[in-house]
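Below you'll find the structures, each written out as structure tokens.
Next come two complexes built around chain A: one with chain B, the other with chain C.
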Partner chain A sequence: MASVPTAVGAPAERREGREKVTGTARYAAEQPQPGRLHARPVPATIARGRVTGIDTAAALEMPGVLTVLTPENAPRLAEPDDPTLALLQDSRVPHHGWFVALVVAETLEAARAGAAAVRVRYAAEDHDVTLTASHPQAYVPEEANGGYPARSERGEPDAAFGSAAVRVDAEYRVPPLHNHPMEPHATTAHWDGERLTVHNSSQGSTAVRATLAQMFALPEERITVVAEHVGGGFGSKGTPRPDVVLAAMAARHTGRPVTVALPRRFLPTVVGHRAPTLQRVRLGADADGRLTSLIHEVTTRTSRLKEFVEQAAVPARIMYASPHSRTLHRVVPLDVPSPSWMRAPGEAPGMYALESAMDELAGELGMDPVELRILNEPDTEPDSGRPFSSRHVVECLREGARRFEWLSRDPRPRSRREGPLLVGSGVASATYPVQVWPSTAEARALPDGGFLVRINATDIGTGARTVLAQIAADVLAVPLDRVRIQVGSSDLPPAPLAGGSSGTASWGWSVHEASSQLAARLAEHSGPLPEDGLAARADTTGKADADSPWSRHAFGAHFAEVGVDTVTGEVRVRRLLGVYAAGRILNARTARSQFVGGMTMGLGMALTEGSTTDEAFGDFAESDLASYHVPAHADVRDVQAHWIDEDDPHLNPMGSKGIGEIGIVGTAAAIGNAVHHAIGVRLRELPLTPDRVLAALADRGGKGR
Partner chain B sequence: MKTFDYVRADSLEEAADAFAARPGARYLGGGTNLVDLMKLGVERPAALVDISRLPLDTVEELPDGSLRIGATVRNSDLAAHRAVRDRWPALSQAVLAGASGQLRNAATTGGNLLQRTRCPYFQDVAKPCNKREPGSGCGARDGVHRDHAVLGHSAHCVATHPSDMAVALAALDARVELYGADGARSLPAAEFHRLPGDRPEVDTEIRPGEIITGVVLPAATAGVPSAYRKARDRASYAFALASVAVAVGVDDGVVTSARIAFGALAHRPWRARRAEEVLLGAAPTEAAFEHAVDLELSAAEPLRDNAYKVPLARGLALDVLARLTAAART
Partner chain C sequence: MDSHQHQDEGPATRHRSETTLRVNGKPHTLTVDHRRVLLDVLREDLDLFGAKKGCDHGQCGACTVLVDGRRLNSCLLLAIALDGCEVTTVEGLSGDGEDLHPLQRAFLDRDAFQCGYCTPGQICSALGAIAEASAGHPSHVTDPTAPSGEPVPLDRDEIRERLSGNLCRCGAYPRIVDAVEDVIE
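Here is the complex of A and B:
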């Protein structure tokens, strides 16, 4: 036993990597079944109103078109908890792009042509899609996303700010952002009598099954949801999306298997987006740089369908010691598509504003921004007063500064010129909460000496299969290759979704526990194993969701170096370096990929990504990957991720914190701060595109160099 | 389903005949734009006449020192061609600044010239667009138009032409060679694309059924120092916010030839004739360049949200002019 190398922590390769790179991994739309049909939704072309008539005659005459589902003939569904799934149930159009009909055809091409031939008449109403901080319908909700109170106040923040020796009062804007996973949302559904099977591109099929059961009034045992391979989600597949409901409806209506694969152009309006935020941050400090007041107020928008409040002011409750503080969210319901989760909801936009403001404060104080952060390090979580289970943001800042050679920089803005380029560097901290949910898992010892772990975890490209097998191998004290694993089907033991950076912690806990129980049973067992092996099943309910007296968060620090072209205003990130303290790192290879991926997405948030709400039409102007600019390879040069090992006994049996999101959190602020250092002008609206940077450079030029 | 005929032509004559015999036909080159537009429902051809295998895939050095680039030469091959890189570097640079490696491997010279605007209203059949559907209105003029035209636009259309390559061809005095029912003819590349006026649905001067057979780079611009520079939102695979192609000759302290074309500012590559005129015979000084470029851009009429394009284009032009004349100025 002692000879078995420890699997956890090792850079084990993704188990499904070969299948993916050779194209043999099957995704949700790639499920050819006899008689399979294709369905194409028809999106509304108005932002608000009602459908008054749908003329399907031309579509139905087309060869290959079987039927057109509309509110008149679509199967009735029970009212879902998520109103964005109440599809084809009534004539209301809550936003542009809302699906008003579904064309079902023998081929994808026929479905597309049929959809183009459907004529929809509307009674359009005036719409309002414009978010302003002074919008008359803005209100303070009970809660922001994640169940956080929308408002939190300590002490007398306004008075303390008013009397502070040094003050920053700044407004930051983050535009709508889109998840745009590589694999668009897709579902293949088929009914076998009263039994429904769907292949669905989802971050968590247990919840998809529950939703389908409720909407289609079926017992969960009669539904199987498979999500074997998922080409990314970034939050947009964290809840069931229209494709799965439409596919199940169409399959029931026609009695044949149906695939609904949403085209890229439909995604912006129907699978969520990061809502835009208007953020005002006020920081008051004494002359030494100690914060006396921290006020972070966020105005965001939601749809008319549901209240989703991007929790951007929440990280300010965690980050800095300040005796006086107010964090507040206001939301405006507008005639816009429903926002939803996108990688690090709350933290990503909120820390852009807070960490930009901290950089501004450092400038006001003439302090090093690393030292300012360290000076304001809290002893306990500022809002709750709870002790941190572990917090090593200072170590991340110090280690990052050392690796980045931060101290060699001239802190004066606009102090480094290389020909037409202005070069600058910036820093920002990051935080992301530890989230963990109850999960079940089964571990089985087989007579052939192998082991099988079964759990409805979802591998959305993170390497979940691999790391769960590593956890089991270590508990069972066997080589990694003896452990097989099954994930991605709701027929497996139920498990929560891959979201909130909670997957590995939640699933891993139950795998750990099932494996421990199995190891104990094996220790007691003598003689050969029975034919179907020996199994143990764990359920972490009551443990994983037990209230913790600890404030549990991952932390990190980001450092960025940019070159700003003074001719074009183009910003290119030359170096991006992150250091993270996220508990125990369970797989060095896949963890690095998560961190680097998050940082790359943060680079896009800083420089290139943004969706434009079209005020006339109520949709987004960018609807493909040619116009929605995720970073191209040429934008991503030197990206490094490092970590500090933490030994935190208050997390889960593996000692891990989530790592899927923290990489994005401080990246945009670090890059923005680097741009300020480079050009000497503060830009407060993302993304930092050439038009904005050029205007800032001109502004600076006007004031004299 | 919208069906269409597909015909592969082996000769120009065959292609022209096939096109003439099929009302509503389109020629197909690399398909990198046309096929996208078909999927969007913007293009609904009755037939595709595939001309990508016509024997027009070579680059020929002609006896008079000019260079003929066949219409089906792939963008990647054009950019890599030794003669292009040596004597007309602005063209090579422009092609490489466009699209992505995969697209350049597929896209053809002729197809690049005939690609359509990427205006989002043009691409969405549910929205008004005079270019796609004459008389339906322009969604962009008062809508989302950060990427749109600042020069030469009309009440009917504010779209820009997306090609990088065409900008370099316009600056280098290239000619576009055409073949059609009336035989062969050629047009200056700078006059091949149109301004929108009241007929924005017509992008170019090409006649119905005509085929681009090639593009000729003239001896007159061979070896003249030239360069292309483009500003964009990301480092690769992004259309220009503004771009410029410049070819400028200096002899004995005087500008002897000046050719400047802007990209992404107008419905066609914008040949800066006024700037060129005042530069000819002038000393290649920063002041002269500024005067010339400002004179040209004084015609700009930015929309609500794209005024940045004017100083951006100005900066690009001044930078490239200074760079190309640096040796002559010292």
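Here is the complex of A and C:
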């Protein structure tokens, strides 16, 4: 056994890679079945009100159009926990783009033409779609997303801020942002009598099955939800979205298989978005740079349908030692689409503000921003007082500074000019909580000498198949190629979603345990295995969700170098370097890709991604990929991810922390700080588009600052 | 509009025409809806799902295929306008007896993808870009003083520029450039 190489940590190639590069991997809409139909939703064209009538005659006359589902004739569903799934159940229009009908047709073309021919009459009502920090309906909720208390206070933060030797008081704005996975949300649904099978682009099909069972009043055993290949999600496929409900309804109504593939430009409205945040950060410090007060207050918005509160002030409870602190979330319900999770909800926008403010404080103090952060490193988690299970943010900052050659920079803003360019560099820290949920898994030894691991994990591009097989191979002490793995179907042992950077920890724990039990059984077994092998099944309930006395977080540090064109206002990121401390890295190859991917999304957040709420309709002006600019090849030059080995016994049997989200967390702040260093002007609203940069440069020139 | 008159006649034949495409070397004669784009012919009529529908508007590049050797967004091409064209999709890249095209192999070696949804388009687009550069087509970042008509060397800036029509939300860009560099002579 000693001769078996350790699989965990090795850069094993993605197991489904061959299918993906040859085009044979099938995604949710790519499920041809005899008689399959296509359905296309009809979005509401008013901001708020009621549907008073739907004329479907012209649509129904079109060749190939079978039926039009409306609140009049759509199947009645049980009320879902998530109100955004109560589709075609009543005449209310809670926001622009809400689906009011569904055209079901023989072909994609007929469905599209049919949807265009549906005539909807409305009774419009006055709407309110504008978020302001002083909005009269703003309130402090019980909790923010993730179950965090909306408000937390220690000491006397206002008094401490008022008497601080050095102060920063700044407001930052992050606009609505869109997940935009490359595969639009899609479902193919098929009923066989009272049995429902759906192929659904989802981050977790066990939960999709539970939702469908509840809404369609079916026992879960009669539902199979398959999510074998998923073209990204970034939070927007974390729970069921409208496509799966509409497809199941249309398939039941017509008695034929139905695919609902949402058009790209519908996604921003109906699959959730990162809510905009208006953030005020106040930092008070003594003359040496030690924080005496940290106040982070966030105002965000939600829809009329449900309360979702982007927890942007939460990272301020973890990052820095300060004897006095207040973190607060306020939310305003508006007639807008429902926000939801987008990669690092809370941490990504919150750390943009906090880490920008720390940079401003470093400037006020005349301190190096790396040293300021290190000076304010806490001994225990500031808000809870709990000890950290492991915290190596200082090591990340030091290692990043070394690799980036941080100390060679001239710290003075506007000190490096190259022709029309001003060049600058910036730093920011990152944090993301360790999350882990109970999971089940089965490991089986087969008579042919192979092993089979079964678990309803979802591989949305993370490499879940690969890393889970590595974990099993290590526990079983067998070569990696002896382990087969099945994921991506609700018929497999139930497992939680690929979200919250929790997948590998949650699934891996149960795979580890099932494999350990199997190894023990095999050790006691003598003679050949029975025909169906020998199996062990694990359930980590009670372990994975047990209370921990430890504060558990991944940390990181981001460094960015930018060139700012003083003629065009264009910002280009020349170098982006991240160093992470995220427990044990289980697959160097796929981990690096995830870190780099997160940083790339952070680059978009900093420079190109921004959505605007149309005042007339409350919906997004940038609804497609031509107007909402996700980073393209030319935007992404030198992006490097490194990590520090961390040995943390308080996590899970693998010793891993999540890595899917931390890459985005501090990136926008690092780039923003680099822009400030380059041009000597602080921009506090994302994204840093040429118009804003030019205005800032002109403003600076005018004032002669 | 008198389309309702056709309702009982099955498919509305006056909105459909015959067209012949060669796809991955095989001829296909199809009667297609005039509104049908090449992407939907591949996916709905030929069960070739390698070309992906990311936006259906020519904005993301996931549907990129080679048409008569040129890379094009198949979501923007009406199928009836392609009569007689030679179409190559990601499924047709490896020749007879070959396991994988070298670029497909390079994508695996470099981990040049995560979710895989943009991957077929990235691969087809890169092959088209390499051919364009060999044929001397300049790009936005090509040195303006470079001799016209000569093959353009593809450094990383050139690769990035030429592949910028192919979006990847997972952020595999640096790895994709690595993979493309691997197959350039």
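One rule holds for everything that comes next: the second predicted complex is superposed on the first by the 704 of 705 C-alpha atoms of A that agree within 3 Å, B and C clash if a C-alpha of one lies under 4 Å from a C-alpha of the other, contacts with A are read in each partner's own complex, and residues count from 1 in each chain.
Going forward, contacts are C-beta pairs under 8 Å (C-beta built on N, C-alpha and C of every residue); 3 or more make two chains touch, one makes a residue touch a chain.
In this text, all values refer to a predicted model and were calculated from it rather than measured experimentally.
Q: Between chain B and chain C, whom does A:63 touch in the aligned arrangement: first, second, both, or neither?
A: Once the two structures are laid over each other on A, A:63 reaches both partners.
Q: Of the two partner chains, chain B (first) and chain C (second), which one does A:20 touch, if any: first, second, both, or neither?
A: second
Q: Which partner chains sit in contact with A:632 here, chain B, chain C, both or neither? Use first/second/both/neither.
A: both
Q: Check whether A:535 is in contact with chain B, with chain C, with both or with neither, and answer first, second, both or neither.
A: Neither partner.
Q: So, does A:107 touch the first partner chain B, the second partner chain C, both, or neither?
A: After superposition on chain A, A:107 lies in contact with both partners, chain B and chain C.
Q: Have a look and say if chain B or chain C is in touch with more residues of chain A.
A: C
Q: Which of the two partners, first being chain B and second being chain C, lies in contact with A:184: first, second, both, or neither?
A: A:184 sits against chain C, while chain B stays out of touch.
Q: In the superposed arrangement, which partner chain does A:218 touch: chain B (first), chain C (second), both, or neither?
A: In the superposed model, A:218 contacts neither chain B nor chain C.
Q: Looking at the overlay, does A:460 come into contact with chain B only (first), chain C only (second), both, or neither?
A: A:460: touches chain C, not chain B.
Q: For A:32 in the superposed arrangement: first (chain B), second (chain C), both or neither?
A: In the superposition, A:32 touches chain C alone.
Q: Could you pull out which residues of chain A sit against chain B in one structure and against chain C in the other?
A: Touching chain B in the first complex and chain C in the second, residues 62-64, 107, 109, 112-113, 265, 626, 631-634 of chain A appear in both lists.
Q: Where on chain C does chain A make contact in their complex?
A: Result: residues 3-4, 6-7, 11-12, 15, 33, 35-36, 40, 43-44, 47-57, 59-60, 62, 89-91, 93-94, 100, 104, 107-109, 111, 113-120, 123, 156, 159-161, 163-177 of chain C touch chain A.
Q: Show which residues of chain A lie in contact with chain C when the two form their complex.
A: For chain A paired with chain C, touching residues are 13-14, 16-27, 29-30, 32, 61-64, 107-109, 112-113, 180-184, 229-232, 234, 261, 263-265, 460-463, 589-590, 592-594, 596-601, 624-626, 630-634, 636-639.
Q: Can you list the residues on chain A that touch chain B in the complex?
A: Listed in rising order, the residues are 43, 45, 62-64, 107, 109-110, 112-114, 116, 265, 420, 567-570, 572, 607-608, 612, 614-617, 621-623, 626-627, 629, 631-635, 689-691, 694-695, 698.
Q: State the interface residues of chain B toward chain A in the complex, per the touch definition above.
A: 1-2, 39-41, 100, 118, 120, 124-127, 139, 142-144, 146, 231-239, 241, 308-309, 311-312, 315-316, 319
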